[in-house]
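Here is the structure we will look at, set down as structure tokens.
By written order: A, B, C, D, E and F. Residues from 1 in each chain.
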Amino acid sequence: MSLDLLMQNILNPAIMMFFLGLFAAILKSPLDIPQPLPKLFSLYLLIAIGFHGGYELAKSGITGDVLKVLLLAILMAILVPIYAFFILRIKFDVYNAAAIAATYGSISAVTFITAGNFLNTLGVNYGGYMVAAMTLMESPAIVIGLILVSFFAVKSLNDDLNGNTSRLNLKEVLNESLLNPSVYILLGTLIIGFVTGEKGWKAVEPLFGNLFKGMLAFFLLDMGIVAGKRLVEVKKVGTFLIGFAVLLPVFNAFVAIGLAKIFGLSKGDALMFTVLCASASYIAVPAAMRMSIPEANPSLYVTPALAITFPFNISFGIPLYYTIINNIWG
Amino acid sequence: MSLDLLMQNILNPAIMMFFLGLFAAILKSPLDIPQPLPKLFSLYLLIAIGFHGGYELAKSGITGDVLKVLLLAILMAILVPIYAFFILRIKFDVYNAAAIAATYGSISAVTFITAGNFLNTLGVNYGGYMVAAMTLMESPAIVIGLILVSFFAVKSLNDDLNGNTSRLNLKEVLNESLLNPSVYILLGTLIIGFVTGEKGWKAVEPLFGNLFKGMLAFFLLDMGIVAGKRLVEVKKVGTFLIGFAVLLPVFNAFVAIGLAKIFGLSKGDALMFTVLCASASYIAVPAAMRMSIPEANPSLYVTPALAITFPFNISFGIPLYYTIINNIWG
Amino acid sequence: MSLDLLMQNILNPAIMMFFLGLFAAILKSPLDIPQPLPKLFSLYLLIAIGFHGGYELAKSGITGDVLKVLLLAILMAILVPIYAFFILRIKFDVYNAAAIAATYGSISAVTFITAGNFLNTLGVNYGGYMVAAMTLMESPAIVIGLILVSFFAVKSLNDDLNGNTSRLNLKEVLNESLLNPSVYILLGTLIIGFVTGEKGWKAVEPLFGNLFKGMLAFFLLDMGIVAGKRLVEVKKVGTFLIGFAVLLPVFNAFVAIGLAKIFGLSKGDALMFTVLCASASYIAVPAAMRMSIPEANPSLYVTPALAITFPFNISFGIPLYYTIINNIWG
Amino acid sequence: MEKAKKVEIVIDSIHLSYLLEKLQKVGVSGYSVFKDVIGMGERGMMAGDELTDVFKNSYIFTLCDEETANKVVEAIRPILKKYGGICTVSDVLWVK
Amino acid sequence: MEKAKKVEIVIDSIHLSYLLEKLQKVGVSGYSVFKDVIGMGERGMMAGDELTDVFKNSYIFTLCDEETANKVVEAIRPILKKYGGICTVSDVLWVK
Amino acid sequence: MEKAKKVEIVIDSIHLSYLLEKLQKVGVSGYSVFKDVIGMGERGMMAGDELTDVFKNSYIFTLCDEETANKVVEAIRPILKKYGGICTVSDVLWVK
């Protein structure tokens, strides 16, 4: 990885704001960004990315290439949590392994957005359908996590309070997959952006386009604070999980880059796809896990995703993955 | 109504965001936009519309035509709640009839704003003084509602806890009319926009002008969620009120269009005036009614205004009213 | 002071929004801007001013002139609370005198920003390093306040709950000086703006540059409401303190103008420096005082700073100081 | 520690300031207020409608001696009757 | 004033709607909910993580007669066992 | 259900973390915190000033046995004396 690329990534207002927040938390500054401001920022980013993706998709159209990428996305969203689960079983019980696996099988929208920002600075394009791919990759891991628990957990413990013997009732699964707020907003605004096209985008661009980078910087300040608070407690999760939180993303990235090359994705699409596979969810999946696998310890799935994988990806991961892609694609 | 016009209205990011929110609530997605974010959006919209109206008014000046529109506005703000009350008495007691009548006698700023957005897309203008008209139309219905209760409710129940025998003390009425937050903000920013003129508007335009459509879309997402939650319970209010919530606005619109034609309003002004008469309040008036007519059931006046009249107006009503106006004005 | 300049200052959307809020509170309108919206606005303003200052500093470089201004700033930040303390001792006990002195020794970022806005309208420039000066002037007064209490308060009362005999442990002082949120954000974004330079600023300018005046107006509406609520209770603080709240700022301004002239500051820098000296803190210092000098009555240090000094400065003070500077500098 | 009464009230937020006035008239030495409480009762859900500010409760408690507690209850009863809401009284030891 | 029981519960916000359903099934006449409560207990800090919505509690109380209170407690016990949280019962006088 | 004590505290938000430290030192098994409580007391209104964060209270309660409750009270008393605020102790049954 060229030092240049790394510096260019880090000397970006958004990334620096993240570290400003991170240090605030580590130094125990009373600085905080109280709810619901973080919710405002994350809603804003989801709407912006969805809308813009839909608009781009309307311009490019839904081609065979697009469908290929979407299938690849679903494939990885199913595969990653499965192999992650078996790796995690080395150290953790079924419940924790499944919950952590689900976290890493899903994606982080902010990492995706940061990567988009990075490409943007380099002048490299990526397709609007990557947002659709992201949307498709959010939920499968939740379902896989629940399936894994149903398969491997001792039956007696498995009984639900409702008297359900299985965790997998269709309603719940549909709920978690399509109605979970971030999936719902992304999908919804993707469609709105697609349907309203040029005219629609022009109307909302001053808010959802022009302010995007500034809002990302603002939100990353908050992400930094939250990540910093968790970082302080990171030792509690143990060396195994700390290692896992760096190595699994890198491994996922290698797999993703391989697939991207084989299936002939463009450079920009390849990076975005790689980042999706390498990132872990710290919002949607933890909420779902807390609800459906209460036996798992939330610190074990939130802390690594938020305090290690996320900072790693946005500072080193993205330029690293890009360097590799750039070398291979040439 | 031409299908084109309807589609053009509905395929607008703001309207589609409303339906995105509406479906989220109906499908019971956990998506929500917690307070005080909706307050931020509604404050933003009020300031923006007030400021811009004041600026436009400064450009056009306060002419005889302007005064004519303002008088018309006050006339309808007094008339509508009175005839609405007698229609509602068919089914409801004095308290509920008065509270619902007040709701429909007042106006919905977001409906007004959506209509402005609609005209804007068509390239049709309306006067900045329409904002002044809106401001004048917010409060009279509250006062009328209280007068109706004083007249028609049985005396003994009428006694206030304070020992007041009448609900109509001047202080309360003034408070509700001028100091109610949305009236106060609209009036205040109207004056500021008027006084600071071109220079003032240029200073705040990047925030209060350019971002307007995006913010409207963002806020309508929230309105959709809230309306959707109420829509789920809409059956409880009964068929009479459901019918009323569509037919009264249409009737009000006909009266308004007639008056607008007689008094020679421009096309744009006519639509805005019509929309003011056809819309119902779901913020200012409910709060006032809850306080001054506690005997009335708030579900009966909030639900129809928010879950029926508002969606009806912004999706069908506005293009319908405009088609009629367009046909008559030629 | 020319009436023109005064009118130009007051007929500014931001200042008028402040008075709109002020009157709302005085008239007891239920209008309010609930937390954390004020926090959103103040964070926004701090980030914007810090980032932009850093960017300007990157353009100008850190010269001898810059260091001169920074030293002057520190000098006044130490001097003002000391002489303020002795004046306040005429009427108040050691605790209250120290707390009020600290409040007036520190600065108000919003007053600074409003002055910048004022200069901007006149087309007069000031250096980006003035933001650095502001940052340096926030905290010394807190430390001075604590030192004054340690010196002059009766020993026995001085014992801390923790068993500390002194209020001046190094950790606390560092915490208050560097990690207090507004200092931390200003310093942090100053550095980020400096490091990311032109490119960084361009990325965030649509949010943190273009919207600045609008956001200031929005925030001042809230400041007006809060100030108005306190103004209602202002009599309780007594005539002495009311007089102090106007006269001390003016006196500080005279001292500052003198120093600015002697050390050859530019017109723009002189005004900003003057405004820093003349303003009082109503956020950072009160929080610190509430914690470290609980014996002091918070109404005595918050009310005058917020309800008298702040409105005085942004409406009369700034044009007054500028008129004087303009006359002297020629 | 002194024996004292704790009077707790849940009421529509819209009537809060009116209630607090009453409390002060009766002569309580203080009170604490929790805004944004949601709930369910006779008059249905108060789900904290995000828009209208109408369907939201506040929770108030005040510590006082038995006599004042009785006065508070008497002052509050008609408000509860008219506007809805609930009120309870219980025993606590007040750390002084 | 009538004798009544006050049942108080602190539970993960994420399980709130499930708990409220249970309360209604048991037949309470009403309840009040305070969202955004933070706390510490057996399962560690619930510091109201600003991002994930996962580490936050809700506090609920319901007034009822003794019989219903017992039913509430029985309905809640397994939830507390599975998901954590606390529950108490105390005596109050309910102003009616 | 076990007999237990409920200790309730209202204090300036600014001193919250200091108070929680004390509670933990004394050895409580847990606590719950409600931020953003407003109120009135000896030191006047705490109306939750929207700007300065200075005039706002927090409400804390902790469940514990009688012995710990006494320790909590002893630990808190000087804080209340210095910074203001209130504290009560009452009886509850703790569902275990």
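Just so we're on the same page, a residue touches a chain if its C-beta (ideal position, glycine included) is under 8 Å from a C-beta of that chain, and two chains touch if they have at least 3 such contacts.
What you see is a predicted model, and the numbers here were worked out from it, not measured in a lab.
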### Query
Starting at subunit C, what is the smallest number of hops through touching chains needed to reach subunit D?
2
### Query
What chains touch subunit D and also subunit F?
E
### Query
What is the chain whose Cα centroid lies farthest from the Cα centroid of subunit A?
D
#### Entry: Separation of mean Cα positions, subunit E and subunit B [Å, integer]
40
### Message
I'd like to verify one number: the distance from the centre of subunit A to the centre of subunit E, where each centre is the average of its C-alpha atoms, in whole angstrom.
### Response
34
#### Entry: subunit C and subunit E, separation of their C-alpha mean positions in angstrom
46
### Task
Please list all residues of subunit B that touch 2 or more other chains.
32-36, 40, 211
### Query
What are the residue numbers in subunit E that touch two or more other chains?
34, 36, 90-91
### Message
Going by the touch definition at the top, which pairs of chains touch each other?
### Response
A-B, A-C, A-E, B-C, B-D, C-F, D-E, D-F, E-F
### Summary
In the complex, subunit C touches subunit B at residues 11-14, 16-17, 20, 24, 27-37, 40, 210-211, 213-215, 217-218, 221
## Note on the structure
Residue positions on subunit A within touch of subunit B in the complex are 35-36, 39-40, 43-44, 47, 51, 175, 179-181, 184-185, 188-189, 192, 195-196, 200, 203-208, 211
### Touching residues on subunit E, where the partner in the complex is subunit D
1, 4, 6, 20, 24, 29-35, 63, 90-95
### Touching residues (chain side subunit B, partner subunit D) in the complex
32-35, 38, 42, 161, 222-223, 225-226, 229, 282-283, 286-287, 290-291, 294, 298-299, 302, 306
### Message
Touching residues of subunit F toward subunit D in the complex: what are they?
### Response
8, 10, 34, 36-42, 57, 59, 73, 76-77, 80, 86-90
